[in-house]
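Have a look at these structures, which come just after this line.
Two complexes come next, and they have one chain in common, chain A, joined by chain B in the first and chain C in the second.
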Partner chain A sequence: MKESTDTRYVYTISRIRVIEQKMLSPAMLERMIEAGTPEEALKVLHDAGYGYAGEGYSVGDYERLLSEEQEKVYRLLMETVPDTREFDFLIIKNDYHNLKVCLKAEFSDQAVEDAYLLSPSLVPGKQLMDLLRERNFSGLPAPMAESAAESIEAFTKMQDPQVIDLILDKAHYGHMLMLSDGLGSEFVSKLVNALVDLTNLKMLLRAKLIKKPRGFLESLLIEGGSFDKEFYHKLFELGYDQIASACVDTEYYRLLTESINALKLSGSLAGFEKLCDNYLVDVLKTVKYAIFGIEPLVAYYLAKELEIKNVRIIMVGKINGLAQYAIRERLRETYV
Partner chain B sequence: MDNILNVNPTRMEMTKLKKRLAVARRGHKLLKDKRDELMKIFLDVVRRNKELREQVEELLTKAHQSFLVARAVMSVPVVEEALMFPKQTVELSVETANLMSVTVPRFSYATAVAQTDDADSALGWDIFPYGFATTSGDLDASMQILASALPLMLELAESEKTAQLLAEEIEKTRRRVNALEHVLIPQLTETIHYITMKLEENERGNITRLMKVKDMMLEQTYRYRERM
Partner chain C sequence: MEFFSEQLVGTVLAVIGAAFAFIIPGIGSSKAVGAAGQSAAGVLSEDPTKFVSVMVLEALPSTQAIYGFVIAFLIVGKIVVGEALDFGSGLILFLAGLPMGIVGYVSALWQGRVSISGINMVAKQGGGMIQGVILALMVEMFAILALIVSFQIIGKA
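So, the complex of A and B:
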């Protein structure tokens, strides 16, 4: 891969090099797993500097703690990088989530609860709510506005809440591809491509698992990524074993073989999802030591996201009294 | 003597009591039959109930396990968003059925999905109200298990309520059977016995009295004593 020579990010990168040291190491995660109580596990997070200083978090607040941690990372990036727009592709996920929440709430006559909205987002949740209520889409980025209008129309026609998600998910990935291509970074394109491919594969396997007709796949698949739709349609017709061998020339061959074995043993896609995250961590690690360019920052943001996922797995496990081996089994690879 | 009703020992009373005894005996027999039949039904219901409960508990445990895994890899807002607007509505109606004169509930349910246009029916009908890109596969498993558990749960609710109502009825019937068997019937028989005794006693008193009067009358007429 071509190394970036963009020096605009040197300051942020050096700051992140320091903060990276504080990321949860496998040993710290292990300490959390071995903690006797959820409180002890939470204490490890405190020691690692999670959340805002001076605030007491109880075990029940762990979800808020985690979202604040993610926000903290984003805020750090925003404060130090020259062009904040370049990180939009990382957070539009939250915008589309908020859009779904607002639309579903409106169509089912519910109030939008603040706790369901995610931040950071391009358009703050509250503002989005108001814009949608007035059907004023001009304040939204074009792909969002289009997909919002499309999903409203589809829902009025079909009265099926699933179509809202289907349309917005597609739009989300489309939007993300568009923004990331604009960055001109080989790494980011590769990363987003991998995200699209893995999401498509995940949806394909899920649709197969719940025995959906082929037509349904069409409504799921995201355009872009390394393969065309025909390829997925072909895979959909194959048996699980053949799916892996059909992908023998792709990057995902090992991942698919392993996860299909796990799928056959447990009947669950948990193994596949874990391996996908591990795959992404491996991609992120390739730019861990880069000195220039946007790449290490993107990697750090996503690594933090995965770290938070790991923490959530442990906390949910601890709170619900899951056995240690069961937690360990689900844990993703760490970035550090 | 405490088991005797407070009645006049007359023939009239006795006939009345005898009638009551006959009714009580018949009632006792009927109630006993009812109790036995109820018991039989109750045992069937309880057996089915146990079966259902085991099935439902197993399914719910599985559903919770899958949900826990899904919950572990998805944040609360994402889970909430996925599930906030259900696709399917369930209409539950309750009717009643008569089981040995016990009114028991009968649930029936109908699921309704929003009307879709023909062109889109290729998507296939399902229970999942969310998209697949941001959610975890274990959520599907959890939803599927829960969906399959719903009819069983309704049946369980039905049979559990039935068992409860039957148990109450059995309890009531048993109390009635016992009251008849151990209180009313002995009371009546003993009272009848008492009246019979009393009447016989009176009869004997009468005879003795008559014999005495006869003696006295003979004495008056023939003056036996003076002649001796």
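So, the complex of A and C:
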């Protein structure tokens, strides 16, 4: 991979190198798992500097704590980098999520609860709600506005909330590819391509798992990424064992071999999702010691996102009294 | 042009050599120390106790400009007011500026990278300053060699 020589980010990178020390190590996650109560687990987070200082967080609002922690990372980037638009591709997934929530709530005549709206996002959740209510899409980025209009139209025609997911998911990845292309970073392109590929592979395995016809897969596949649709259709015709061997020349061979083994044992895609996250962590680690360029910042943001995912798994497990081994089984690899 | 008479060619060449020997490493050092300074500020924003370590590491790539200054000074010292330098001496002094100018520039930039890496290392572990300095000094050696070569060439003028 070509190394970046862009020195505009050295300040933020060095700052992150200090903050990174406070990321949750496997030992700290283990302490959370072994905690007797959810309160004790929360205390580990508190000690690691989670959330905003001076705010008391109780077990009940751990979700708020986690979303504020992610916001803190985003805010650090926004405050210190020369061009904040370069990080849009990282957060638009929250925009599309919020869009889905708002549209589905509207079509089922429910009020949108704040807790369901994610931040950070390009368009703040509240503002998005207002814009949608007034059907005023001019305030949204073009691909978002188009897909919102398209999904409203499709829903009124078909009355099926699933079409909203289909349209917006595709729009999200298309938008992300478009934004990340502009950055000219090999690492970011590889990362975004991997996200698209892994989503498509997940669709493929899911379609096979629930024994859906080929046309179903066609409607799910996302354009872009490393392979064309023909490739996935070819895989779709193969048995589980052959899928991995057909991908022997790709980056995902090991991932597929392991996850198909897990899939055959458990009959669920949970193992695949975990292995996807582990794969992404490995990609992120390739720029762990980079000193220039946007790459370490992107890696830190996503590493933090994965860390928060781990914390959520533990907190949900603790609150619901899940056995320790069951929590451990679900944990993703850590960046530090 | 009366001023640019043939007699002055030697002197002019020597002056260009002196300017080159300073300007080029000067640019390199400015870039390197500038980037390292931003990196140092990043660490200090989070952990002000590391000031000494990151300051030392930040300053390392400035030496190339200092060496360039020395060579430029020595070359200019060969020019005597009112006496035109002959062409041969002028050419030698011009060439003397090249090793310092070119090697100084490149080594400043790369030493800057090592310094920034060192600063990031100090960010992670408190006691890493000495190691960081030693690693950066490896690059320093090439600037020192260039300084000696330029110095030797000046002696032949």
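The rule is short, and it goes like this: the second predicted complex is superposed on the first by the 336 of 336 C-alpha atoms of A that agree within 3 Å, B and C clash if a C-alpha of one lies under 4 Å from a C-alpha of the other, contacts with A are read in each partner's own complex, and residues count from 1 in each chain.
The criterion applied here is as follows: a contact is a pair of C-beta atoms (placed from the backbone, for glycine too) under 8 Å apart; a residue touches a chain by one contact, two chains touch by 3 or more.
Values in this document were obtained by computation on a predicted structure and should not be read as measured data.
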Inset, instruction - Check the residue A:Leu322 against both partner chains and state whether it touches chain B (first), chain C (second), both, or neither. - result: first
Inset, instruction - Have a look and say if chain B or chain C is in touch with more residues of chain A. - result: B
Inset, instruction - May I ask you to decide whether A:Lys104 touches chain B, chain C, both, or neither, giving the answer as first, second, both or neither? - result: first
Inset, instruction - Give one of first, second, both or neither to describe whether A:Asn136 is in contact with chain B, with chain C, with both, or with none. - result: neither
Inset, instruction - Quick one: classify A:Ser245 as touching chain B (first), chain C (second), both or neither. - result: neither
Inset, instruction - Classify the contacts of A:Gln21 with the two partner chains as first (chain B alone), second (chain C alone), both, or neither. - result: second
Inset, instruction - In the overlay, answer first, second, both or neither for which of chain B and chain C A:Ile291 touches. - result: second
Legend entry - First (chain B), second (chain C), both or neither touched by A:Asp169: first
Legend entry - Interface residues, chain A side, partner chain C - complex: 7, 10-21, 80, 289, 291-292
Legend entry - In the complex with chain B, residue positions of chain A that touch it: 63, 66-67, 93, 97, 100-101, 104-105, 107-108, 110, 113, 115-118, 157-162, 164-166, 168-170, 172-173, 199, 202-203, 205-207, 209-210, 212-213, 215-216, 219-220, 222, 267-270, 272-273, 309, 312-313, 316-317, 320, 322, 330
Inset, instruction - Spell out the part of chain B that touches chain A in their complex, as residue ranges. - result: 66, 68-69, 71-73, 75-78, 80-82, 84-87, 113-117, 120, 122-124, 126, 128-134, 136-138, 140-141, 144
Inset, instruction - Mind listing the chain C positions that touch chain A in their complex? - result: 31, 35-36, 38-43, 45-47, 113, 116-117, 119-120, 123-124
